[in-house]
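Chain lettering (A, B, C and D) follows the sequence in which the chains are written, and residue indices restart at 1 in each chain.
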Amino acid sequence: MAVFSSLAEAVAANIRDGDTVAFEGFTHLIPFAAVHETIRQKRRDLHLVRMTPDLIYDQLIGMGCVRKLTFSWGGNPGVGSLHRFRDAVENDWPRPLEVDEHSHAALANAYEAGAAGLPCAILRGYRGTQHGSVNPNIKSVTCPFTGEVLAAVPSIRADCAVIHAQKADRKGNVFLEGIVGVQKEAVLGAKRAIVTVEEVVDDLGDVSPNACILPSWTVSAVVEVPGGAHPSYAHGYYKRDNAYYKAWEDIGREREVFLKWMEEHVMRQGPDAFKRHAMKAA
Amino acid sequence: MAVFSSLAEAVAANIRDGDTVAFEGFTHLIPFAAVHETIRQKRRDLHLVRMTPDLIYDQLIGMGCVRKLTFSWGGNPGVGSLHRFRDAVENDWPRPLEVDEHSHAALANAYEAGAAGLPCAILRGYRGTQHGSVNPNIKSVTCPFTGEVLAAVPSIRADCAVIHAQKADRKGNVFLEGIVGVQKEAVLGAKRAIVTVEEVVDDLGDVSPNACILPSWTVSAVVEVPGGAHPSYAHGYYKRDNAYYKAWEDIGREREVFLKWMEEHVMRQGPDAFKRHAMKAA
Amino acid sequence: MADFSPTEMMTVAAARVLRNEDVCFVGIGMPSAACNLARLSHAPDITLIYESGTIATKPDVLPLSIGDGELCETALATVSVPEMFRYWLQGGRINRGFLGAAQLDRFANINTTVIGPYGKPKVRLPGSGGAPEIATSCGEIFIVMAQSKRSFVDKLDFVTSLGHGKGGDDRQKQGVTTKGPTLVVTDLCIMQPDPVTKELTVTGLHPGVTPEQVAAATGWALKFAPELTETPPPSDAELAVLRALHQRTNEAHQPKAAE
Amino acid sequence: MADFSPTEMMTVAAARVLRNEDVCFVGIGMPSAACNLARLSHAPDITLIYESGTIATKPDVLPLSIGDGELCETALATVSVPEMFRYWLQGGRINRGFLGAAQLDRFANINTTVIGPYGKPKVRLPGSGGAPEIATSCGEIFIVMAQSKRSFVDKLDFVTSLGHGKGGDDRQKQGVTTKGPTLVVTDLCIMQPDPVTKELTVTGLHPGVTPEQVAAATGWALKFAPELTETPPPSDAELAVLRALHQRTNEAHQPKAAE
């Protein structure tokens, strides 16, 4: 049953050094505030999972929180590189980064299989590529009916999943809509889950019977953090801050600039810093 | 791209003797009108697939349309037996019925795998049961990472899927909501698809971005048949006619009574007979 | 205390084992009545899940089918059937499953497939539905069904769903990690598996029922615990809630006057 | 006819190959510009699908990311990412895929993973994203990318996504039944795989481009068809639509005055 708490409490209670953690959100609803709190709490040796590492993982990697990364596309979308991620892979700075690299299709299936309680996912994937030669987490199974050989990857069952959503009701039932990505799968496949939300409401209101809802008993902690997805966005609330993403190209490129920026914008801030980005569409 | 046509044309164009056909709808949105048209057109040797055969398959089996049945629960929900189904299995009347029997979990996974273009589905299923000893379509695969043995079943890729939905727009995009069952999977796994709808509208309106929608190009034919799911129901339109289901116990029990009823209520009728059941909730 | 029928006693006794914090996979018929009675009495926040995809549903009348409109209209959310069986059931999110059966054996294995040989059955039953995976994926299983020599049999004609297999640790040997049936509630008594052998053992009798009656309604030499409890009879409040539920249900399922 | 840049020529030439009835899986950047130009000009009903789950989207400005709000707000429907890759891409529902690349070889195999050795890369690129399965699951693939010796290479540092493998029927030998890359559009020319060897062959030049220029921008001994077509230059209408699209996009991605 979801507990309502502060962001600091939620991170302290649910993310531990060495954990496998999936901060998810496919472009939309990326849990920036929760990531910043994790950095402030100086978690170490994390095994991070995420289809599209995005700026949040650049920040976690650059601040030395990460031991291993499972991912399928590590860039600043539409802008360029994640320079902190590259610096870790290319130069072991600030520490070596172990890489478990997949395709989107494989990771999406791996999340799906995790939610479904399976040990692995099967897909028609990776054919004619080199991925299997560099990643022991890509194997195969043979269909017992047709003989077709399919790719197999381990399912993702994180210690903790962290997502941002539009709203929760006072019982802790969570509602999200728009580009829902792999968030439901990440939460249902994980042992624990933190959900930050734009707002807590009395009632989820007149939503579709088939809306994407995570019942309270699938979530460990719910935290109200208005604007908590900025510079990503929250459908129905505020837009993606594309200018921030473009600016990251220069912030992330040099170690010194990055560290200074993080000190100022993350280490010396709290979740309330996100409030000014919160806005509800009319 | 979906073609708008009469129900007779849609059935004639898309369901052929010997086809594998999945008329789907999990209690809700069962395509009764389309089944009645199929019976009127005297299709033969069909291989029917459906999780819960329900009265529609009792009717198709009793009228001699069916060669083989893939299913997971064949009863009149909350009432009792499907007597025509039982008569076919127990007494070969009106013809022998080949049975490919599964659990709900296996068939739900098989539909899912069909939509996903896979040859088979894997699940943690059938453990400690006798199903595998009577059905060669239940095999196993071993997870290459954990060594766990999982059940495998062939995916369902019907020649034609037939479903009923709430509405379509004038381009043929289909919307359904409520208990959506395996309808999306049945359609996306099939070569062809017929969708009957309560109404055709200019615009699907203010539906959730994550609504269950089948784009026009996934559907072969769209037919407006108001009330076409009766005695099943259409969420937002009319309720389930539970009295009809209870009455079926006596209609379906005896061959003569059944045949007389079908002659009167199906063979001598057309899709317009369903209109009187159509009703839109305020 | 009001008069009550054996079926009412069974439903009430089954409802009592459910708790407010349970997440329960509900079969249609007797399990559905028991689960909704629990929800309308001592467990108002219990999460009821039907295989039609309806999560945390709160129907005002009992559904006739597993997917009546009432279930969806009163649910927190409704998911597709593949999602229900994959993410929710197989995903291990459901801690209680409530099942019935056509035949049950001494190790609480279930048959709902055929009476007679599979290839040429005397009676073709509906089949497995969700039961085989409910029986292995839910944290534990409660079974509720009327008791008779026809239904409590020495040997199943077909094993549709696993209970405790051949007893002892056979269930674990089949690769299943959940508890399986921990309780059987009938119209006569309460049975629980022996902690070691897993053979069903009568541990309680409903008011006015004798051990002889129970034995006579069972197709094998049924074991009884040395000390038998007597099930407390349905309270006036329990009966009132259950009867009102059935009353509403019957009215709702009548043919409409307009038709 | 207005002046135009090589990039504009490339975008326009890529857009022209799309048809109104296509269902197209769109990568971000150049593919997205080409696909939306097609939609805003000659193919108004084309179905554009982005891997973020947005189906039949009609953005007014180009998304910076694969999942900008604009894509969802203007889509017919938005599905989860697992559903997108399972039901829509792997399910065989998408007939065209539009990809870019960091490196391309003569058989249109794609590298977007690393420059240098995988274990100790000189440049760590973003990785595969959706491309490996887009390349094999879509009916056919169009590639659009600027041409240079750095990007059109003799040997890929890593095979991220399959084109025609080692040429000939190698693709089928890998168990892949779709057509793969049938067209490469660069800022200099049009290439198509040889029908038999599958080696990329220049079949058309953009206005004012010489075969020597194309050869000089390619890391292998590039083949040319005996007859080369000249790509018709962008029409005024095409340029107007494309420039207006970029203009709207640039304005939309600027920092807000209020911030």
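Throughout what follows, a contact is a pair of C-beta atoms (placed from the backbone, for glycine too) under 8 Å apart; a residue touches a chain by one contact, two chains touch by 3 or more.
Computed from a prediction, not measured in an experiment: that's the story for all the values here.
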Chain labels contacting subunit B and also subunit D: A
Reference subunit D; chain at largest CA-centroid distance: C
Pair joined by the larger number of C-beta contacts - A-D, A-C: A-D
Chain centre separation in whole Å, for subunit C relative to subunit B (CA means): 28
Mean-CA-position distance for subunit B and subunit A (Å): 39
Residues of subunit C touching at least two other chains: 72-73, 78, 80, 86, 90, 137
Residues of subunit A engaged with two or more neighbouring chains: 112, 117-118, 123-124, 148, 178, 180, 184-185, 209-212, 235
Interchain pairs in contact, sorted by label: A-B, A-C, A-D, B-C, B-D
Complex interface listing, subunit C residues touching subunit A: 21, 23, 47, 55-56, 72-73, 75-80, 86-87, 90-93, 137
Residue numbers on subunit A that touch subunit B, as the complex places them: 117-120, 122-124, 137, 139-146, 148, 150, 152, 154, 177-178, 180, 207-212, 235
In the complex, subunit B residues that touch subunit C: 26-28, 51-52, 71-75, 77-79, 81-82, 85-86, 89-90, 101-105, 108-109, 111-112, 123-131, 134, 148-149, 178-182, 184-185, 212, 233, 235, 239-243, 245-246
Parts of subunit C lying in touch with subunit B, wherever the complex brings them together: 28-29, 51-54, 63-69, 71-73, 78, 80-82, 84-86, 89-90, 109, 113, 118-119, 121-133, 136-137, 158-162, 165, 170-171, 174-176, 252-256, 259
Partner subunit D, residues of subunit B touching it in the complex: 1, 112, 115-118, 173, 184-185, 188-189, 209-211, 213, 215, 217-218
